[in-house]
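First chain written, first letter: the chains are A, B, C, D, E and F, and each begins at residue 1.
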């Protein structure tokens, strides 16, 4: 049982981990399209490989997708679903203002801790933020980058097994740095694009009234948009502040502005 | 009641906060045109979303506009109008001479403090100055930039809600850095451009004599200028030093030189 | 009375301030042309605005001009003429060998001190040297640059008023850095260029004999040169070392070499 | 006897060295093609030269090959086969988060230790990681690079003999840096490319059932791929997680995707 | 008397100053051509200006010339000839391995010390070395450069007078940095170029035998070379090591190789 | 007697100096061609100039040549041959992991020590390594470069005399940096290129059997190669590991691969 394992294995060094899991999946995982299930399935397969294959005690996977596409929530979900006794999510917010050396120390400690459990899963969330990437220059912490690359490939001690999940919205950057070669496999999360994706989401969120949703569904017929699940949920939240008759038009107009609906 | 909430929730770490609010809105908010009200309304809508929507405990907005367009005053006004119990304005003048690490520490503390209140509003004023941006090089503090980006997107703990307002006169810079993606929405403050904008302002300021204002109004008929409210107030101040008969011509000539009046 | 106010308000942290004032205006202010009076008048007007207008408790002005054009002396003169109880001249010579952080600390202290007086004038002399500007690279202290920009725009506490005067011989640099926008207005000091400018100066300096001056005057008729007042005074000093009959020719030949006289 | 010598000469500063050797050759050395034996033979020849030739007490060799081509395992194997009483493998994972100075100190200590034994073998694994190389910039630690270059060429004290083995997957980088000139000779490990290479490997791994292997062998006839031994073993591991009937097709499709099989 | 003044005013912080003077003019000042006297005369004139003109208590001069042209020796000679009670020669050899901050501190101290004497002369020898200039990059210490520029222009306290002499073999560099504007005047030391220059030098050095000198003189007739006095003296020194009959041909062939004699 | 002088004057700070001399000339100095003797002669001449000429108490020489051309051994030999009471060889291996400041301190100490002896010889071996040169960037320690340049030109105290020998395989780099001007003269060591050079070397090394040497000599007739003495000795060492009948072909094939024999 997951929560039990969390309680036993993870020292709550930065506050309650259960809270982190809730925060990172605040709005749950909505099955808005096939891509969601397929990502979860692929994640489960890699968990199996770690657990079962003698030859590969270390497996690593990179999850990419646009800003707000749901990377953090899905990586968290895969980790939780693994049922591994040790789970750790490294996200940039814990490291604000850390020196490069302190960041490396922290990352190293996460892996060292994971080596103490027989089966572990480590999530490196938002790699471009972990390495302080800025396209102007470009600038980034090479020290942290190198630490990540080495840690992601470092074989655990004999008898230990580890799944490493990385997430990033900047796949090109990772390729340029050769960091993609530090991961064994790669999963990409697409944007929501069809009326069905959006309808599904509104349904699951119980957003607006059922009449409003029907109205939206009619007006979306045959149209396309490109929007991440996180952004879509925010747009819904904004539209819901509008007066009742203005909600549907507000929602559609926000979709046009921010999701390229046409 | 705003002043009361200030008194209860904000430790006056850098001197009296009421004073800051007064300093930042020294000349009040003059309703020189529709854009002013519309900015305030949009700000109020986001305050509502933070307060009411369960799905979006964190909302962030970026206010841009030319140098002297009134960004700081309007961001302060929106924060004050929210009526949230915790309000904090981070401006670069408090951070002069701080090391990059100390700046990050300060910013992190502001957010950590805000997480202690159920409803908070944090203003990051003059982002390009907070990050020490200099177009030569270009140079800037990437450490502070990263801290800002992570903090602006960091979900508050469960049960806490936060509105983040950023201001900047350099929208291109933020786009180049990908920092625009750290904000959910965007408000732009235009320059004053028509005779009505200027007439309104002079009226509200009770600048010059009423005769002088009429004379100015006549001479501005059908002309265009481009000037921020802060600069316009300064120009008025300078013209007022001139001898009485020279005030109107001085004012108009300063408008021509500095506001491109034609 | 100026000297009295100096005695009361300024701690002579770096030696006697009266001495600084004398050093910076060692050869007085010679009225060599209209530009001199006009610069002083403009300076006085801004002093008035600081003192009288409620709307603008902070006014800043940038004085530019070629190397040796008299910027430091004129800024000092305007500050002295203001009669404000607090006057401070920040010049790069006090900061030789200071670290960037120490420089910022020093500048911040100057402004903090000025905020303690109701009416203050702060001179930032030779901005390109204060920021260690070197065209090769280019290199400069961005930390000091940012501190200067923020301090020059920082509103004093309620009830305090401040005039900031900056000087620089590199106007292009300031524009490139966007530092020009940190100043409300701008005064430019031209070179001496006509025979009258030079004759006036020699007269006021009582340089050479009266006969020599007449001879020079005759030989300059209708000619043009471009020279700063500081350089002209030095050239006079060099020519005076020559043997009596050689003084006039030496002076004219130095003018040709160094001031482009033709 | 190798294990005995390890026990006597190497202080287990970073955990048991026998474990490192096992970790680095987790899946043994499979003789998948002639290149494997030839690399081991060449390595043995250099061991002989160190041991026998009076003129060359220091011999160094660089092993290159693609990512996952088996460099670390083969360098470890050559070192182990040498039978030298002192063996040390420097890999980047031990140095995560070390400062540049600490890395140099560590490397220097490894060589200093090696000079205490009459016959030693030092492996510098993954040179581009040891020097923190990042193609963006490019960035790397020049301090560590210089230390490596000097240490690789430094003659041991009189009476001591040393074999230095370096590995890298970035031969171009080493050439650009002139680091190739720090090594006396050079061995390159090719990718597995023919059906025989793959068949051999599957056979040695006892991967899948014997029927599955026959099926794979038939389907590979006359085709080419380009894959490192490490990657091939991982692909086998992944395919083995598939349901029995899907294993062969999964394996072949992974080979097509990741090994360019056609 | 110069030596007496040295004894009284200069603390021999880095060994005996008389020794420095001797070291820097080890081979005296040979009057090999008019340029030598003219440089000394110009130097003397500036000494006079410092001593006599009330208007210019600070005079600075830059001495340039090729590598080995005699800059250090001539600057030392001018300083010694001034007869000023305080003389200080700052040369890069005293500052080897100093940090940038320590260099600035040292330079500042030199000037501060000079301000204690009524009449002082400070030599900044080999400016490009003082600022650690390297054309690759280019790299240099901007901190030291700025300190030099500010110190060279800093007016001494009232009642103190100072002559600053700078030397450099890289005039272009100083112009690019705008450092030339920190000096009031400029003296250039040419190379020896005619037969007379060389004959004069050999005569004064009593180099070779008198017959050898005649022979050299005959063979130089009508020819040109370009060589600094320091290099010429070294070439003489090398040629003198040759066996007697080979000295003249060796000397001429070295002149051809190193001084472009033709 | 050299060894005696070593014992008296040089504190064995880094282990026995006699050992260094032996290490650096492990295979002696083989007179493989005229260039060897001529280099030694030129070195001796400069030793004489230092010892005999009053005008030049400091003489410096730069020895260049390809990687493995014998620079270190020949510089050591010239120093040993000088018979000077103080000899010091600075090589990069002693400085691995030193900070820039520590390197400068070390170099300065070497020269300061040398100034204590009346006649000294200092070797700066492998200048590009001493300054941590890396062509990527390019990067190098400018601090050490400047220290080297200043120390190489610094006149020793009165009564002391010094020969400075520098070695480098990167002459272009030194020219670009202007470091070539810090040396008075320049010696270049060519590669071995003719059959005679190689035959001489094999003879002196007593390499292979006499029959093998004859066979090699026959097969080299009229052919050219380009190889440094150090590399040639290593090639011999490798070939000697081959079985008796394969030695000559192995040697020739290595010469073809590594020395461009054709």
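Keep in mind that, in the parts below, a residue touches a chain if its C-beta (ideal position, glycine included) is under 8 Å from a C-beta of that chain, and two chains touch if they have at least 3 such contacts.
Keep in mind that what you see is a predicted model, and the values were worked out from it rather than measured.
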{"item": "Intersection of contact partners for chain E and chain F", "value": "none"}
{"item": "Size of the rotation, in steps of 5 degrees, that lays the CA trace of chain D over chain F", "value": "60"}
{"item": "Chain B-chain C separation of Cα centroids, rounded to whole Å", "value": "34"}
{"item": "Distance from the mean Cα position of chain F to that of chain B, given in whole angstrom", "value": "68"}
{"item": "Chain B and chain D: spacing of chain centres that average the CA atoms, whole Å", "value": "59"}
{"item": "Residues of chain D touching at least two other chains", "value": "140"}
{"item": "Successive chains around the closed ring, taking chain D as origin and chain F next", "value": "D, F, E, C, B, A"}
{"item": "In the complex, chain A residues that touch chain D", "value": "45, 48-49, 52-53, 55-57, 59, 101, 104-105, 107-108, 138, 140, 142-143, 145-147, 149-151, 154-155, 157-158, 176-178, 181, 184-185"}
{"item": "Chain A-touching residues of chain D, taken from the complex the two chains share", "value": "15, 19, 22-24, 26-27, 67, 92-93, 96-97, 99, 129, 132, 134-137, 139-140, 205, 233-234, 236-238, 240-241"}
